[in-house]
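Down below are the structures I want you to see.
Two complexes come next, and they have one chain in common, subunit A, joined by subunit B in the first and subunit C in the second.
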Partner chain A sequence: MNITKSISAIEISGRFDAHEATSFRETIEQELTTSSNIRLSLAEVEFVDSTALAELVRAMKKCREQGGDLILSEVSGPVAVILELTKLDAAFTIE
Partner chain B sequence: MSTATDPQLDSLVGALVEANDQLLALYELASLSVDTLDEATAVVQILARAHKLLKTDSLALLSDPIHLVGDSEVFGPLLTANDAESLEHLRISTRGWDTVSVPTGWTITMVAITAGEPLALVAARKSKPFGTADRKLLNAVAKLLASVINTAQLHTEALEQAVIGRDHLIASELAQRALPESTPQVPGVDVFARSDPAHTSGGDLYAWSVVDGVLHFVMGDVAGKGLPAAITMTNVISAANASFRLSGSDGPAAILASMDEWLCESLSEREVFVTMLVGSYDPELARLRVANAGHSPVLYVSDGDVMDIAAHHPPVGVLPIEELLETTLTVSDGDVFLAGSDGLTEQQDASGAMFGDDRVVGLASAGCGLSAVDLGTRIFNEVESFAKSASQSDDRTLVCLTFGKST
Partner chain C sequence: MTASSLSDYHQWASTPLSTKPAYSVVIPAYNEAWRVVPTIGAVATYMSSLGQPWELIIADDGSTDETAALVADLDLVNLHLLTGTPNQGKGHAVRRGMLAARGDVVLFADADQSTPIEQFEDLLGELNQGSDVVVGSRAADGSEVSNKSAARHLMSQGLKFLVTTGFQIPVSDTQCGFKLFTREAARTLFSHQVIDDFSFDLEVLFLAKKFGLQISEVPVTWIDAPGSKVDAAKVAAKFLTDLVTIRFNDIRGRYNQENHDVTKADLIEDRSIKASLDGNACNDDENSSHREPVDDGPTSYDSTVGADRTSTTKHEVKL
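On to the complex of A and B.
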């Protein structure tokens, strides 16, 4: 028997703040209908504010509630600093 | 004079009189001061005058509730005790009026009205069929009704919005009042605290309490903006005040853990988190202990050297706090402790550049020797001056402690 876990991939770029939160949430909700594992590439993200961080946490919890995970990948320098400052790097799966 | 022309003359005079009557009725209709009437009264008055104008036997506005003037015979079979049900029945019927059973001798004409939702004005007459002029008049009445209904709906919506706005304002002001108005008086420490919400209310907070001579304080930032964040902020302050009493003797890590226990589940349900810094200053021991849950910037300045107090935990509401972690500092005269919100460091100028952590660090470093009020005010002024014409994008909050025997 082969068990395959499908992983959705999302890439975001530019500023990730309160203005982008709604569309990000909608994208995550859409992805969660097909997969509970989401890989989120943050390589091109220049800035995240606290509202965006709250959206990332929400997405992480939704994925975990469904038995999956939100994986942050290729985390850009500015985002890495924020994750470290807030200690959220301890809460997320980062690769 | 030929008598043969009398019937023609009578007919002409009759038409002129009728036209004159119609003009007078139309004048009355047009001069009806609907602005001063409520929607229902205005509709009834317009229908009554249109009824007279059109010489209808029955005139109905198909709305909820249905308004009817004159003889209800023609509409009777379509009406039930329930207006909404009747309206639906009539709406279905009026899509194909020909299919409705019209009593013998009646003529019916109908015009659609669009005023938020589709309505229809239906006129019925026994005496003679409706002509082109009647239909034009009926259209004019329909347009007047649509205008009245639209105006009334806009007025109602504006009123509702005003009530919501007023309630929102009151709730926002009440939430902001949860912040303490005066600073604590503890030997050896001077305290400054200020919060400027970006809107009427915000999610930034501070609170303190002196228990057994020890100053316990918290500074936090609820993720999100506006009234929802402000309401969460008041919950956090309540949890802080309770935790100061319950766990203060065990220090800030225990206070933080206690607050986490109170708040984590509800914050998680609301899908928000709170970055939070908890501190306890014991003047007897000249000791400051701090526990940091995801908050930044948190700085301690001693002899001009600035130490960044890193977070011990993620923000409250993300994951339950399982370890009691804190940083202990021995304070000396002139030392400064400072905790700000991201609304200060992330304030942008007109070009989009941010104020940044470095400027705050520089101001903190240069501020040794100043009173807490002078240092705090200077930082706010610098951020304000940096922003210039750029609008405040987030709540700006600062808690500043300066230590010294003279304070």
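On to the complex of A and C.
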């Protein structure tokens, strides 16, 4: 028996703030139609504001509701610190 | 961003400075609970990566939301929280922060990261060329502006016309919340500056020109942060009033240098340092009139405090 687990990969870059929230949400919802596991690369993200953090939490909950997860990967320094300061680093799966 | 940059941040976050800071970053905040923590994270990560001792000052304007509590709970040892009476105005908050700053150069930056902190080095380069004040500009050649509303754009153009024709201030954008000062310039300008609301930027630049300081302008990238509290119509009306106020103050001699010693700076600095050493926030608005200088004695935090505090006993101080 072969078990395969499909993981979608998304990469975002630049400034992730409220201006980008709608676009991000639409992308996540589109990905969720094919996979409940999403790997989100944040290597090139310079800043996330509170709206963006809320979108990340929302995306994580959606993935987990469907039995998967949102995995944050290659988290940039500023984003890592912001997650740490908001204590959201404990809530996400980060690799 | 490297692992060493994160290490630099963690070092800054947990180890009190053993020397006077090279850089101070002052961020005014009024009801910024929704966005102040990400801004602190971005600023702290970047500034720590520069490899110089630095301090962060959050000048809370007596927020009625959780801003002050959130900042205090971060427990970052080189972050100093100044608290105050509710909503005295942005100019009031910035003044408290700038006068408390101990860095060789002092950056004032808005709480919304609309001018990303990574542009600090662009302004620093200009300061190192001999300028006393470097203004981040959204109007200079090379600037990039995103998501700015038509109303704000129109207001900016109007203000630019008034400032350049009425005050001969040699910058195209007086209001961008990203300005760098030498410590001496910051102390001189903010100990004279009296306007408490958003027109303080113009007043500070007017004073810089009046005092013969070197002002430069650097183009910046600016992104209009959602949730901006700027009401273009109200701002324009108030700005016009303040233009007259600044002229009137000048004519009355309120900005004459002999009328101002560094009393406010010394008092604020003393109390901020004491609060920092005690691990507490500093309330700058308690007993705000008829203050006598506080003589806590020199501290290891800043050995220059005692020297600067001379001849301050005869002045009434209103913060």
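Note that the second predicted complex is superposed on the first by the 95 of 95 C-alpha atoms of A that agree within 3 Å, B and C clash if a C-alpha of one lies under 4 Å from a C-alpha of the other, contacts with A are read in each partner's own complex, and residues count from 1 in each chain.
Keep in mind that, in the parts below, a residue touches a chain if its C-beta (ideal position, glycine included) is under 8 Å from a C-beta of that chain, and two chains touch if they have at least 3 such contacts.
A quick note: this is a predicted structure, and the numbers were derived from the prediction, not measured.
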Check the residue A:L88 against both partner chains and state whether it touches subunit B (first), subunit C (second), both, or neither. first
Which holds for A:R64: it touches subunit B only (first), subunit C only (second), both, or neither? neither
In the superposed arrangement, which partner chain does A:T51 touch: subunit B (first), subunit C (second), both, or neither? both
Go through the superposed model and pick first if A:A80 touches only subunit B, second if only subunit C, both, or neither. second
In the superposed arrangement, does A:A18 touch subunit B (first), subunit C (second), both or neither? both
Any idea whether subunit B or subunit C touches more of subunit A? C
Does any part of subunit A touch subunit B in one structure and subunit C in the other, and if so which residues? 18, 49-51, 53, 85-86
Show me the residue ranges of subunit A that touch subunit C in the complex, using the header's touch definition. 15, 17-19, 46-51, 53, 76-78, 80-82, 84-86
The residues of subunit A that touch subunit B in their complex are 18, 49-51, 53-54, 57-58, 61, 85-88, 90-91
In their shared complex, subunit A is touched by residues of subunit C numbered 1-2, 5-6, 9, 34-35, 37-38, 40-42, 44-46, 49, 74, 113, 116, 118, 146-147, 223, 225-227
Provide the residue numbers of subunit B that touch subunit A in the complex, in ascending order. 221, 223-225, 268, 271-273, 275, 292-296, 310-315, 317-319, 342, 346, 394
